[in-house]
Each structure stands twice: as structure tokens, then as C-alpha cells.
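These notes open a run of structures that come right after.
In what comes next, chain A is part of two complexes: it sits with chain B in the first one and with chain C in the second one.
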Partner chain A sequence: DSHVQYERIGADVTMKCGSMDWDAAVTWTANGTDIDESHLNGSYLILKNVDLTQSGQYACYEGSSWHLKYQTYLRVGTPPREPVLMCRSNNYPKGFYCSWHLPTPTYIPNTFNISVIHGTKEMVCEKDAVPKNRCHIRYLQLFSTVKYKVTLTVTNALGKNFTTLTFDEFAIVKPDPPESVVAKPVPNNPRRLEVSWQNPSSWPDPESFPLKFFLRYRPLILDQWQHVELSDGTSHTITDAYAGKEYIIQVAAKDNDIGTWSDWSVAVHATPWTEEPKHLTTEAQITETTSASTSSFMAPPTTKICDKGAVVGSGAVAVCWTAGLVVAAYSVLFI
Partner chain B sequence: MAGADSPSAALRRRDLCARGIRLAGKMRSDVVDLLDTYVERQGLDASASVAAVEGVPPAAVERWDEQTGTQRLLENLAAYRAFRALLAQMLEEQQEQLGEADAALGRALAAVLLQVSAFAYHLEELLRLESRGPPSEEGDGPPPRPQGLFEQKLRGLGVLRELAQWAVRSARDLRQLAKPGPGAGSAPSPAESP
Partner chain C sequence: PAGDSWGIFTFLCAALCNLPALPALNCSEELGAGQSIQQTYDLTRYLEHQLRTLAGTYLNYLGPPFNEPDFNPPRLARAERVPSATVDLDLWRGLTDNARLAANYRAYSRLLCYLRVLDGQVGTAELRHRLAHFCASLQGLVLSIGGVMSSLGYPLPAGPAGPPAGPPGTAPAPNDFLKKMDDFWLLKELQTWLWRSAKDFNRLKKKVPPAVVTLRLEARGF
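Right, the complex of A and B next:
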């Protein structure tokens, strides 16, 4: 019957064919394929220095009858390295979460166990369904000077490892970045950009736990950022932008009193308002406006129609004039 | 509660809260600086874990969000009155120990003591607006003095650490108080955002 066997990469593995004697005649298969006799020592299967490719289903059959005598699923892997653990409160003062991962894969199933101790009290960190490898805890006490000690143990069939994190309530506070950052030009102001944003939605109580913000901006063509720290409000007007240059802008948030700055928000781009270029002659302006309204529907302006046919006699002039009227009539319709 | 909800009382409360919040911010910043100096001058280890010291009001609180305005004010006031007495003792101890050799530390302690007294006053005023008035201080004896120089230094460390936490908590408490809604003395305002 079925069986799973875990072995370390590089190990030498000996598989016995169930209760069969050493000198019995047997055939071994790996994932259904016969294994060459050179790997056998009597009825034992010898795998030296196993690697990941050798994971699979191994079966042993009695020589003549082809009865299945033994079956196992070999999984080659490694014991766990020290896990990487991180804890953070992005929803202060409600609680905090811890998340973890292994620096290198083990290739076999691992279980994680997390313990959180506050002083003498053991707290329960509730595992999240999504993402896995994450759990959250509600604060039972606030403003405590007593540190939290979080220990994460990872175990698999080949070994175990652990890591510990010790921190105080304030140190792990790090909000999510501000949301809905919008940057707009200011009409008639070639050096201004109006930036506004919102508190991260994960921050539960911005009134009692106000955030302060850090704005950074630079024109795309330069590497140097300008910085502005704002102790309140969720908007700011940049007044020293270079005219006509496209800017990249980001905002970060931090609790007013404790913790660290959030990551930078998604970057937004904006260019300050610039004046429209003026037309050169008034006549050209008029033709341009009429052609602008009619160009998609009609031939170019009146003048061209008249130019085509050389004006020969009064008949041609009449045609020209009529065409002009028609164009004018259409223009009025489309303006 | 006569007059407690009058417009002028509400304005005064908001004003006291705003000033108190600013004072708490400055106090925290000064205490944090003082902590660094204190640790250095007293030859202590900054990472030393100080068990809860007798007489030092812990800032830690459960169900903080469920407290009423009056509760917040009373707990804050009790704490800052205790800190006032503790800091006064620390100042005496420091003068006995180091005397004139470390006038700077003495001045820094005195400055924080002044801020603590000012903050206690703000709290008393806010309680008067509640028509409750602050509780009397009679019968509040001075805190017990630790025996031994090292114990005094450790207590000093504990005092400053808790005071730094309290300064953060007080700013939050005052912001809760300053929130518009039912009067500070009544039940807490309805739950916040999900």
C-alpha cells in the first residue's frame, strides 16, 4: 500500500522490496518505467546522491508473478533554512500582521507555526486565508512599553528552523501609501501643479491618528527630487515647476507621532498649464476656423475651389460664388 | 451639566484640546531627547528592560477606544500629577548625585517638569468644563523614594519611558475629546470606519 518517503538532496537511498528476501528476484519501476538492474543490490534499490529529478513513484514487483510487493512515493527535498519574518501595523491602532517566507524552497511540504508573546501573555495570531503565510493580531493593549516577541517555526519531514522578532508597539507602525493621487495643471499658471490624495483606506481612524505626508516631485528629464513635508491636509500646490515640463509626483504617509514612512504611492504624471500658441494673420485665422469645422466633411476652403478652375467669364465666377455659399452654409451647421 | 454644552464651553474645550495636543507633542519630543541624555549621563544601557516601577503610572491601556471622555481626562490627570511628583524627586536626586557637574541634565529635567505641570493644568481646566471638576490632591503623598543610587537611576529610566508613551497617548486622547459629536462626558461616539 501507498507510502511517502522524504529524503535530502544528495542522500543515498536504499529501498527494500517490502518483506521480500534480499536474494529474491524483483523488478523495480520508477514512475512506471523499469529500472535497470545496475541500480539493484539484490532486491534492494540503491539510489545514490539523489536529486530532485528522482522524486516520483517507485514500485517493486515480484519477479515471475508480477505481484506488487511494495510502493512508495519518493520526495527529494531539503530541511528548511531560517525563515524570513516581517511584522507591520498598517491599521494602527487596530492591530498588526506578520508575514513570512522561506529564502530558498524545500521542495517538500512545510508547516509554519507562529507564536506571539507580549510580556507574559501569549496572543493568538489568526492565519489569513489569503495570502497564505500571513497572520493578523488585534491589539489588546495600547501604548504599552512592553515588547512583543514573535517566533516563527517552520517544520518539514527533513528538519526544522525558526526565527524571532522582537519589537515594541510603535516601531512597526507603517501605513500603506496614500491612495488616489491626482495631479492637475492650474489654468493660467505655468509653474503650478495641484496635487491631491487620500488617506490609505486601511488606516482606520485618521481623525484620532492623523497622518502626515511627504511629497516628492521632479521633471522627467531630471534625476533630482524636490521634497515637501506636510503636517496636515491631503493636497498641496507645487509652485516652482518648470514651465512645460512633464513631472512625476509621489506621496508617502506616516503617522504623525510614531512609526515609519509608508512606501511611495503610485507615481502620477502631470505637466503645468501652457499657453496656446497664437495665430500669425487674421485672414489665415478665419480660413482656419472654417476649414476646422468643415475639413472632415468637405473639400478645403472656398479659395481652392475657385482657384482650380481659372476664372473664365461670369459663369465660372458664379460657380465659385455658389460653392462658397454652400461651404458657408455647411460650416454654420457644424459650428 | 449646566453650561457644559454651551457654544462657549465647546469652543473653550476645542481650544484647550488643540493647545494640549501641541503641548503633548512638544513634551514627547523633549522627553525622547531627555531619555537619550539621561541614559548616557547615568551610565545606563538604553535597551535595559525596566520592570513596572512602583508609583510610575503605566500608559498601557486595554479597550482604549471604548473610554469615555471623562475617563480619559481623569486617567491622564492622575498620571501627570504622579509624573509631576516623580520628576520633582528625580530633580532632587540628580542635584544630590551630580550637583552642578551636570547642570544641563538638571535644566532639561526642570523643563520637562514644567511641561508636565502645564499639561496637568490643561487637564484640570478640561475637567472643570465637564462640570465635574478635577479630583482633589489631598491625601496624595509623594511617591516612595527608591533606596540606592542604581535603583534611583532605573526608576528615572522607567519614569521617562512611560512619560514618553503617555505623551503619545495624551495627544490621541485629546483628539478623541476634540471630535465633534456627543459631549465629552457622555458615551463614546459611534464606531469608526470599518
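Right, the complex of A and C next:
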């Protein structure tokens, strides 16, 4: 019958072939491959100083009949180290969430248990479906003077460990970064850039719990950032940009009164408006067309009108009539 | 017509300056409730900043474990004398402007009382000086809240009963450690109230338009 066995990395493992006697003739296999007799002590399988590569299915068969006498799945791993726990309120005043992870893998399954105590009350932290190592709590009361104590315990077949966080309601407030950051050049303004953004969608009540913002920007070619703190509004015009240089811009948010700054938003790039060099373009066009038509000389228009007699029906007559009119007008002038 | 509004304005200015409850009001200040709310908000932020330094000094004076950052004692029943800022979320949201302001007014009036008692007992000159300064600022806050309430036509809640030695009927701490615990919780509640007030006044800022001037002075006998 099947069985799972957990062992620490570096341990010495002895596997018995079920109820078989020590001196019975048996064959052991690891993942279907026969194991050399040198690893046997009678009918016992000895694995010294096991490592991760030795995890797998081990089976023991009676010598002559090849009856399966024992089977086990060996999983090599480690007991858990102290887990890393983080709690944060990005949706104040609704509540907060806690998320955790292990600093190093254990290679075997772990279970996490989280407890939240507020004064004398135990609160339930509802586990999130996604991401997995996360749970959230709804505040029942606001402006509490009593701290919250969160304890995370991690357990696996080889041991357990835990960590605790104690904090005030206000200390863990940290919004998500601002969203939809957009930076645009301003037409006819070579030193301006217009930046706009939106409150993070996770912040439930910006009316009663307004956010303030921190904007940072620099041209790509420089390392030093410039900073602007804005106590309200979700837009700002940069007026001291270097002309023609591409800029990188980011925004962060914070509750007006409590907590800490959010992480920086996704960076946006923008270059201030630059004037199109128009006169250069026109000259280029002229040199192009003249060089193209040197082969076919273009006659002055007046001659052309008389030549294009075929355009109108009685073309030749009408066209040359125009020329005649011109001559007539000229002669009138001399009278 | 413009002439009439100016007349009313100067009348109100003069009237309010004569109110006994608000001796510190500057007549040339704009009387719009919105402006006063902004000033009260700014005052809570200033006090919160001041309190951080004061609390640090005071807790060091009390000594360990009070000055340890992880100190998280259970709330003793006797500490309930100090008005708590803690409130149910939906209840807080649903507070009327009057109730919201009154809660702040009452809380700071009582906290001021307790702080004054502390001031009388404290050992070092530096602490006495800091406490005195803080009490003066806190007094300014109480007056400022009172000013907002008056300009909106709300009655001021009745002042704290009894002499500055504290509300009558409460037993003084039976031993030195419990007395220190009382002080610890007083400072904690004060800090929490200042955080809460910032949010209270944010909410009020949004709800009260900036240029509201009411003529409810009839109630004051004018």
C-alpha cells in the first residue's frame, strides 16, 4: 500500500521492506530502476545524506516472486524557516490585507495559519483566492488606540515556525500607486509637459480620505530627479523641461494625513513640443522638383495655353483668341 | 447691493468679537465657516506634530516599559475615563456635522483638563514648559472648533464639569505604576483624536461651502 515519507536534506534514511525479515532476499527500485545491492543492509535500504534528487517512488519486491511488498514516496525537504509577513492598508478605511511567503523553499507542502488579535478580540482574516498567500480583514471600528497583532504560523511534516507583527491602524496605511499616468507635450511650449493621473482604484473614498501626490521627473540623459509635492488635484504642468529632451515621469500617492507613500507609478515617457523647421523643408522640395524636371523643360504658361489647343472643342481658335485679346489690350494702351 | 453686505459683515465681526466664549478671535479674519474649518484642520496637524515630540519626551520621563515602541498593554477599565476616538465605521460616516463637531469639542475640552492636571504634577522644568505650550495650543484648538460651531449656528456642548483637577467622583490612581498607565493612555488617546480630527475636518471641508455666513446671532441675545 502507498505511503509518503518526508525526510530532511542531509538525513540518513533507512527503509524497511514492509514486514519482511531482515535477511529476506528483496530488490529495491527507485522510480522503477533497480537499486544496486551496495545500498542494502540485508533487506533494508540505506540512503545516507539524502538530497533533493533522491526524492521519488521507492518500491520493494520479494526476491523470487517479484511481489510488491512495500512502496513509499520519499520527499526530501527542510522544515520551514521564519516566514516573511507583511500587512498593509491600501483601501483605508475599509480594512487591510496581509501577505506572506517563505524566504527559502522547503520543497515539501506547507500549511499557513494566520491569527489576528485586536485587544481582546480575535478577528478572522479571510483568505484570498488569488493571490494565494494573502488574506484580508474588514475594519469594524475606526481610529482605534489598540494595536493589531498578527501571527503567522507555517507548518510542514518536518517542523514549524512563526512570525508576529504588531501595529497601529494608522501605521500600515499605504495606497497603491496612481493609475493611468499620462504625459503629453504642450503645443507651442517647448519647455512644458502636461502630466495627469488618476487615484488608485483600490482607494475607496478619496472624498473623505483625500490623497496627496509626489511627482518626480528627469530627462533620460540625467540621473538626478526633480520633485514636486501636490496637495490636491490629479494633474500638473512641468514648466522647466529641457527643450527637445525625452523625459521619464513617475507619480506616487499618500493619504493626506497618515501612513506612508505608495510605490512609484509605472514610468511614462514624453518629449516636450519642438518647432518643425518649416523653411528647410520648402527649399528641399524646390531642389527636388527642379532636379527631377531638368530633362523636360517646362515652357512658360502663356506659350503653353496656345499649344494646348486640343483642350477645348474649338480650342485652337478660343485659345489663340485669348492671346489676340492680350495684344489688342496692349495696343489700346499705346493709343 | 454691495453696501448692505459690507454692513452685515462688519456687524458680525464686531458681534463675534464680543462673544465671551471667543475672546481670541481676530476681527479682520474672514468669517466663512469653510475658512475656519481649514484653520482648525491645520491646527490639528500642527498639534499632532507637536505631540510627537511631547509624547517622546514624556514617555522617556515615565521610563520603561512606557517608552518602548512595542509596548502594547491591555486597556484597563479605569482608562475609559479618557474620551475615546474609536468609533464604528458606519456610525462615523453617518455623523451629522453638529454631532461630528460636538464630539471633537467635548473630547478636546476633557483632554485639555487632564493635561492641565498632568502639568501640575510633572517633575522636570523642560516637561512643564513643553506641556504648558501644548496646553495653550490645545486651548486654541478648542476655541477654533467652538468658532466653527458658532458660525454654523450650532450650540456649544456644556463645558467639562468640575475644577481642572479632573471630573468629580473619579478616584486617583492607587499606585505609581497605574498613574503612569493613565498618562500613557491619555497621550495615546490624544494622538488618536488628532488623527481622527484631520479626517473629521476633511469631511466637513467638503460638506460646508467656503463662504457660509449665518445670522444666527439672535440666539446669543443680539
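In this section, the second predicted complex is superposed on the first by the 278 of 335 C-alpha atoms of A that agree within 3 Å, B and C clash if a C-alpha of one lies under 4 Å from a C-alpha of the other, contacts with A are read in each partner's own complex, and residues count from 1 in each chain.
Just so it is clear, a contact is a pair of C-beta atoms (placed from the backbone, for glycine too) under 8 Å apart; a residue touches a chain by one contact, two chains touch by 3 or more.
Predicted model, so just to flag it, every value in this text is computed and none were measured.
When both complexes are superposed on chain A, chain B and chain C occupy overlapping space and clash. Of the two partner chains, chain B and chain C are each touched by A:258. By the touch criterion defined above, A:120 reaches chain C but does not reach chain B.
Contact with neither chain B nor chain C is seen for A:18 once the two complexes are overlaid on the shared chain.
Contact with both chain B and chain C is seen for A:208 once the two complexes are overlaid on the shared chain.
In the superposition on chain A, A:149 makes contact with chain C only, while chain B stays out of contact range.
When the two structures are aligned on the shared chain, A:79 is found in touch with neither chain B nor chain C.
In the overlay built on the shared chain, the residue A:219 is in contact with neither chain B nor chain C. Shared-chain residue A:185: touches no atom of chain B or chain C. Residue contacts after overlaying the shared chain place A:141 against chain B and chain C alike.
Shared contact residues of chain A, touching chain B in one structure and chain C in the other: 93, 140-147, 170, 207-210, 257-258. Every residue of chain A that touches chain B in the complex is listed here, in rising order: 93, 140-147, 170, 204-205, 207-210, 257-258.
By the touch criterion stated above, chain A contacts chain C in their complex at residues 93, 119-120, 139-147, 149, 166, 170, 207-210, 256-258.
Across the complex, chain B meets chain A through its residues 25, 28, 49, 58-62, 64-65, 161-162, 165-166, 168-169, 171-172, 175-176, 179, 192-194.
Of all the residues in chain C, the ones that touch chain A in their complex are 45, 48, 70, 72, 74-75, 84-89, 92-93, 185, 188-189, 192-193, 195-196, 198-199, 202-203, 206.
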